[in-house]
Amino acid sequence: MLEASALRAANHRVEEAPAPLPAAERNPLVVRGLVFETPRQRIIDGVDLELPDNRLTVLMGPNGAGKSVLLRLLHGLLTPSAGTILWNGKPPDGRTRRSQAMVFQAPVLLRRSVLSNLRFALGLRGLGCSRREMLSLLGMLGLEPLADRPARLLSGGEQQRLCLARALALRPEVLLLDEPCANLDPASVLMIEEALMKARAAGTKIILVTHDLFQARRVAERIVFLHRGRIAEISPAESFFDTAGSPEARSYMEGRILV
Amino acid sequence: MFKKLTTAFATLALAWSLQAGEPSSAADRFIIVQSTTSTQNSGLFDVLLPKFTEETGIEVRVIAVGTGQAIKNATNGDGDVLFVHAKPSEEKFVADGWGVKRFDVMYNDFVIVGPKADPAGIKGSSDADAALKKIAEAKAPFASRGDDSGTHKKELSLWKAAGVDVKAASGDWYRETGSGMGATLNAAAGMGAYALTDRATWISFKNKGDLAIVTEGDDQLFNQYGVILVNPEKHAAVKAEEGQLFIDWLIGPEGQKAIADYRIEGQQLFFPNAHKETN
Amino acid sequence: MQDFGAAFGLAFHLLAGMDAELVEIVGLSLRVTFAAVFVSCAIGLPLGALLAVSRFPGRQVLVVLFNTLMGLPPVVVGLLVYMMLSNAGPLGVLRLLYTPSAMIIAQAILVTPIIIALSRQVIEDLNNEYSEQFRSLVVPFPRAIAALLWDARFTLVTVALAGFGRAVAEVGAVIIVGGNINHVTRVMTTAIALETSKGDLALALALGLVLLIIALGVNIAAQLLKSTARRRAYA
């Protein structure tokens, strides 16, 4: 029930304030023949992908499909076995990573206070940030009262929100999110989605991994469906949910709905 | 607040520690005397040195090791004065040019100690040769220093004079501890063995256990101490002036009297005999 | 063995009486050991972190080497330091032999491999957790090292305590390079060795108990500090 109302609220907002897409599309992503394999297993098996605009892309697929590995490859944390990834025509490296931010599936936080975690990340980019600015950013994700608490003593959901706050604080051009809302209560999910929509409106290119179909419906503008390391389908969000073209995506969604 | 307190405390502790590099008794003038455990352990230095320091303002820092190591250290220039008891080695030290001149200071004597049960039957003997022969015949355990110290050298010369080949018995009844006099006496007390020791160490030794003197009074058991200034021509760092002052004081009337006056439980440990200059 | 009972009584007596000579010896013991541990940490923690984080050929060899050096025999270290600092040695001009400085050097040599080897392990574990996030954030190498050391600080206190334990209980090296000079370089362990060689086993044992109590005190203090700081600050 909660999810349904949240859905309506989110949709409403999106309609009200349609994100102005920048005229010059920044950070077009082009992936060609991408393969990542270990001696035991081919995890990414020939992915071709083009994300030319700043639409919010949701990456879906069953467990073990290779979503996390694909995000790492895009971010330049893993080296492809074959194929190319080009951000603005350049393969990912330290420089492209500096203009991106990634939120990992399992939160990694420094053994310091919540604020210090933000300060550390900001210091890396030479971004000065007053305590008040940081607090307002934390406030957006409902973390303001926890500002001086040890980050590692926060609950799982709070840690995930802090990771997102840290990523947003860097004002990245590209935001890669690996299941940031797993294990979150509905209110937290709403907060995260609002923060994402805000970043999206500011022109940030977002790739979001989620298993939550409702969430995907709420925020996605484009769906990429990954199955066993291959792309089964790329569709605009509306058509995906109405008439998913690929049998993989259909059975995935049926499985989800039936459970 | 807590953080500040901790930081302040840590800083203080650190400053205090790092100053350890500076010796606390900051006497500007001091000499280093390479000496033996017997003089140190007997407590003689504890009464002797303060008197000298009081008169001259020179602090004396004693390194107490085996005579062999003391001579080696002095050869390396790690000391200003050598004060040991192995006359042949001392004479060689001077002859090789490492020392300036050797002076007799004092003597005492060695004694053979053993368990009260006396398995070799040598109690009351004053003939070291005969006593050692009997120990060898009885294969009674004997604890040797085995560390190239003055006492060890003396012991080996005694075995040689007695015509006993201890090398063959090593590990059997002849047990080389490879450590100082105290440790060797501790071992002897522990395993009921005979041992050769200087009388001063023996008198002041606290862990006698079952051990008692069994042989004493042989001329061969005479134990002469000598003092030598390390040659400043070999090692420029040697404090020749202060070192010589110490030697002069030691063999002078005041030092000699202080040595004669030192007693433990009424027993005189060392007998001054300077002025019979040798070498 | 009546020495045992006597030793406990004597230890209590020594502690209760705050015997001036004992205070001096204990003080020097602590100062020399603290200084040595500090020097070792200043050298060993960055090296340990560097070894944990960087990948280069021969790294594995270095890891094994430092693990092995944790077992350095003190007497050998004492001998090496003696040979370096001796007037006949290359560093004789420094006139450090038979001073507390020489003892600090010898102990630091003994403790540094412990700090390197243990901190390497601690930092490596933490780095396994942080490294991907750090690569994502593009943390410069020196910043990463500093952050790892800072975030591991509570565990590193335990590493420093291991070094402290080794140093404070060590006799073989300090007696050679310090010379056990009364009022100058006599510390707890060399005093214990001396009393043992005098056959005063009860006093030696009592001093040993005092040493143990002091080590206990240091460990309790560090533990309290650690848990309080951790509770107050960070997990």
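Lettered A, B and C in written order, each chain numbered from 1.
Please note the rule applied: a contact is a pair of C-beta atoms (placed from the backbone, for glycine too) under 8 Å apart; a residue touches a chain by one contact, two chains touch by 3 or more.
All values reported here derive from a predicted model rather than from experimental measurement.
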{"item": "Chain at maximum distance from chain B, centres defined as averaged CA atoms", "value": "A"}
{"item": "Result of counting contacting C-beta pairs for B-C and A-C, higher pair", "value": "B-C"}
{"item": "For chain A paired with chain B, centre-to-centre distance based on mean C-alpha positions, whole Å", "value": "80"}
{"item": "Chain centre separation in whole Å, for chain C relative to chain A (CA means)", "value": "48"}
{"item": "Whole-Å gap separating chain B and chain C, where each centre is the average of the chain's CA atoms", "value": "32"}
{"item": "Of all residues in chain C, the ones touching two or more other chains", "value": "233"}
{"item": "Multi-partner residues of chain A (at least 2 other chains)", "value": "none"}
{"item": "Of chain C, residues touching chain B in the complex", "value": "24, 28, 30-35, 38, 82, 86-89, 92, 95, 97-101, 104, 179-185, 194, 196-201, 225, 228-229, 232-233"}
{"item": "Residue ranges of chain B touching chain C (in the complex, touch as defined)", "value": "2-3, 6, 13-14, 16-25, 32, 37, 40-41, 46, 61-64, 73, 75-78, 180-183, 185-186, 189, 204-208, 235, 237"}
{"item": "Chain A-touching residues of chain C, taken from the complex the two chains share", "value": "129-130, 132-133, 135-140, 143, 147, 151, 233-235"}
{"item": "Chain A to chain C touching residues, read off their complex", "value": "75, 77, 94, 97-98, 101-102, 104, 108, 110-113, 120-121, 124, 150-153, 170"}
